[in-house]
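What follows is a set of structures to go through.
Across the two complexes that follow, chain A remains constant while its partner is chain B and subsequently chain C.
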Partner chain A sequence: MKKSVYINSVGSVSAQKTYDNSTFLDEIVPYEATELKVVDPDYKAYIPPAAARRMAKGIKMSTVSSQTALKEAGLENVDAIIVGTGLGCLDDSAKFVSDIINNDEQFLTPTRFIQSSHNTVAGQIALGLGCKGYNFTYVNSAVSFESSLLDAQLQIENSEANNILVGGVDELVDHHVQSHQLIGHFKNEPVTQKTLLSSNTEGSIMAEGSHFFVLSNEKQASTYAELKGVEIYNSLSLENLSSQVQSFLDHSDTELEAIDLVVMGNNGDSNFDGYYDSLNQGIFKYTPQAYFKHLSGEYDTATGFAFWLSSKIIKTQTVPDIVKLNSLEKPPKTVLIYNQYRGQNHSLVLLKKC
Partner chain B sequence: MSELKQELKEKIIEQLNLEDIAIDEIADTDPLFGEGLGLDSIDALELIVMLDKDYGIKLADPKEGRKIFESIDTMAGYISEHRSR
Partner chain C sequence: MSKGVAITGMGIISAIGNNVQENYESLIGEKMGIDKITQIETIHKDEIMVGEVKATNSELEQRLGLEANTYSRSPMLGIIAAQEAIRQAGITDINDYKTGLISSTTVGGMDKSEQYFFEYFKNKEHHHHIDGLHAGDSTQKIANYLGLEGSFMTTISTACSSAANAILLGARMIKSGRLDRAIVGGTDALSKFTINGFKTLMILSDTYNTPFDDNRKGLNLGEAGAFLVLESDKIVEKENRAVLAYVSGYGNANDAFHQTASSDNGDGAVMAMEKALKVAGLKPEHIDYVNAHGTATPNNDLSEGRAMIRIFGEGKVPQFSSTKAYTGHTLAVAGGVEAVYSVLALQNNRIYPNLNFKTPMSEFNLLPETESKEKVLEHVLSNSFGFGGNCSTLILSKEA
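Right, the complex of A and B next:
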């Protein structure tokens, strides 16, 4: 018999002040920009200076969010660490490659090489904890976080692990922003929280963030919600989207009418927000709707923010006004997250109050 | 020599990301490893690359590094004697 999967804790560093678990979007950080950096926590309170000096930003953010999640779960170690990242510690990767070019393949330093591998974050967390268990990093573009989530879900359901630290991280790098603005994947004109969805232009607002969670086979006082299902589709046509959502809900033994809130990944890209519109005006027309990328910005693991948001909503039974996409309201006991990026890498994640 | 020592302190702080340390906090005789600046084996590799890149000095025997990297004084002395750049 499959075991239940509980979200026992959360930890988040994002463009909002999410690093403090005692608050829930009480204060919104405004912006008028084309890119969003995270609100930095006091890294020195979490990381010794000697260790911090060699850490890329992605590792620093993840150290804070993973420590926050572990502390809230009351754990000093876990059975497995699973991390999703679209681009890894991109800043050091770029510097390492630049060094190769600028120095004619000579004088390569070890630090940037160590930091530039995608699995650095999972490795550093394991070293910090002394965790010798399963350690895996998924680099699957915009479903990297969901891939990690799926792995963790399967391991817990099949009794291969009791407690798993699972998360997603991506950092913002100037070169990446500039190149993606050139090809129209990110907006060239500044937007605000209020104008992102109505901008009617190509691309989105690029950002960064790190979100970690302890998933467990046992419910405890700190538990936020139960993870009921995760599915990933690398390609999915607009015509088949609604039926695929229905199929996912059938597979999860959940009626369409039972969805109390659908959290959508609208990112203001006029070319691809139609996927969300088709659901919002179709099968979820009479369902309360929320969105999150006007707060988090867009990055490969932005669904980590949606997972954090949905967990908080279920635990507090509160939907902050700032995330509401329509005026419908229901007590949020069952929450569905739907995301896609540029018409590819679609994901559905289902959470339930427990 | 004092210019070289100043340059080495600047390079060490910058290349090893010693953000919380100011140049005047590093004495010429302070041990760079262990109780002094607290550098480690990865830093040693960074310093070996720095000697090669900036001063044209290739350390054939890594054990040599132990003496050379004892302090700013010993580094400056070795570089002055062996530099090709």
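Right, the complex of A and C next:
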């Protein structure tokens, strides 16, 4: 018998003030911008200043979100640490490359190179906790976080681990934003929360963030929801999308009508939001719909924000007005997250109230 | 249901050969692939030795039918290795069973990014490389070449244990019924980024690397693509596959000691080997040969050696060798390269020599094999350790 997978805690550092688990999008940070930085928590409360000085932003954000998640779950250690990151501590990588070019391969120091290794965050958390268990890092663009979720689900279902710290993190880096603006992946003209989806221009708004969760085989007082299913698809055509969603739901023993809320990854890219529109106007026409990238911005592990949002929605049984995409309402007991990036790396994640 | 997961195909391109057969011939012919660097212009070219794939980018492009300078080197090496693996398995329709692609890399398309990093803002000529930096790009390109659609696909980056972890994940997904087939491995090309990075860590040897030698001076960087096809018992039976060997055990642990160095006693390595033996249902004395990580850095070989003694017992460590002296350290792919070599060892009942070994290490009494030897092998253990404390062990077996 496969074991159930519970989401026992959350931790978030994002472009919204989400680091405090006692609040839930009570105040929204407005913007008119082409990129979004996180609302910084008080890092000093988590990291000694001397250590923080050379520490990559990705590690700093993840220290806060992972400690928040561990604390809420009432755990001092876990059986496994699994992290997803599209680009790792990219700021250090970019600076190391610049230094190589500008200094003609001379006078380089190791710190930036070491932090460039994609598994730095998972390694640093393990080091901090003294956690010698299973340790993994997934780096597959927009499904990096979902890969981590899927791995954790496998381990808990098969009794390989009881408590797992799962997360996703990515940094906002100038060179990355500017170079991707050149090729239309990010918008060149500022947008606001309200205009992101209606901008009718190509690209999205680049951001950063770090989300961590404790997944467990046991339900407890802090539990948010049950993770019922995760699936990843390298590519899907518009024509096959609805049938693939249907087959995912069949596989998860969930009727289409049982979905109380779909959380969609619309990012305002006029070239690719059609995937979401086709579902919203198709099989989910009569389902309450929500979106989140107008709050989180776009990055490879932005679905960490969607997972945080869905967990909070289920636990509090409230859907904040700011995330609603249509006016339909149902008590949110079963929530489906759908995301894709530039027509590739599609993912479906199903959560249920428990 | 059998315990192990069947390996039905493999492919490799490395410094010692452009396919599986060439690699095997170099291994038994004691032919090293380490030399001066030729494909990258670096000021360190006279101070380092590397294990380069013996092909220029244009030769690789021609082989794949690509226009000049469309892909970075990592995806090209990965495609070549994955294609060979698929061919050997006898797969004609990649989408006929539930298939997943699990790749791994540390640098992805860094070789091109570092070349055009500032040029992107001056002209448009190389803009197609901008999106080639991220690690998932090489995996998507391999998937496209193989014709994978609507499939599970991911990429792992746990430094030098990455490909071992790709194999581990593929085996777990098949065992749990999530996939019928997994194409697992990795690809990493040399870049200025890694050359300079390892240079700052001062662990690059200026001559041929000498694993487990008391006078070892560090590692030689290498590059490679290596993939295995893992298939479920259902496919093996239905398609009447020839099984090359089985992934019988796997273990993953973290040393939790230091961001770049291994602990003196090899705690993480010990745990990874213990877990792998447990999954395989084997005792240490069942292991016939260890393909060690053996990077030839002072730190790794000491830590790994101590860990082997802790697992197998003083004086009871099985015959072992590191093949890094042949290929250099291929970073993310090392576990994939060495899984291919371990399967070849099982198929041919052959132990490879640990080249360049002269002086035993002073800290313990461990002697690697120095000659190519015939020996009946049932179980081979392969280690891969990396930055971030990541330690992984695979056990490959002749029978399920």
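Side notes on the structure shown:
By definition in this document, the second predicted complex is superposed on the first by the 354 of 354 C-alpha atoms of A that agree within 3 Å, B and C clash if a C-alpha of one lies under 4 Å from a C-alpha of the other, contacts with A are read in each partner's own complex, and residues count from 1 in each chain.
Throughout what follows, a contact is a pair of C-beta atoms (placed from the backbone, for glycine too) under 8 Å apart; a residue touches a chain by one contact, two chains touch by 3 or more.
Note that this is a predicted model, so its numbers are computed, not measured.
Of the two partner chains placed by superposition, only chain C is touched by A:L182; chain B is not.
Residue contacts after overlaying the shared chain place A:G130 against chain C, while chain B stays out of touching range.
Applying the stated contact rule after C-alpha superposition, one finds that A:F24 touches neither chain B nor chain C. Of the two partners, chain B and chain C, it is C that touches more residues of chain A.
Contacts of A:T109 after superposition: both chain B and chain C are touched.
In the superposed pair of complexes, A:A50 makes contact with chain B only, with no contact to chain C. Common to the chain B-facing and chain C-facing surfaces of chain A are residues 106, 108-110, 114. If you check the complex, the residues on chain A that touch chain B are 49-50, 53-54, 103, 106-111, 114.
Chain B meets chain A in the complex at residues 15-20, 38, 42, 45-46, 49, 52-53.
Chain A meets chain C in the complex at residues 81, 86-88, 93, 96-98, 100-101, 104-106, 108-110, 113-114, 116-120, 122-124, 126-127, 129-141, 143-144, 147, 151, 154, 157-158, 175, 178-180, 182-183, 185, 231-236, 240, 244, 300, 344-345. Within the complex formed with chain A, the residues of chain C that make contact are 42-44, 101, 105-106, 110, 113-114, 117-118, 120-121, 124, 127, 130-131, 133-137, 139-140, 143, 148-159, 165, 169, 172-173, 176, 178, 192-193, 196-201, 252-260, 267-268, 271, 386-390.
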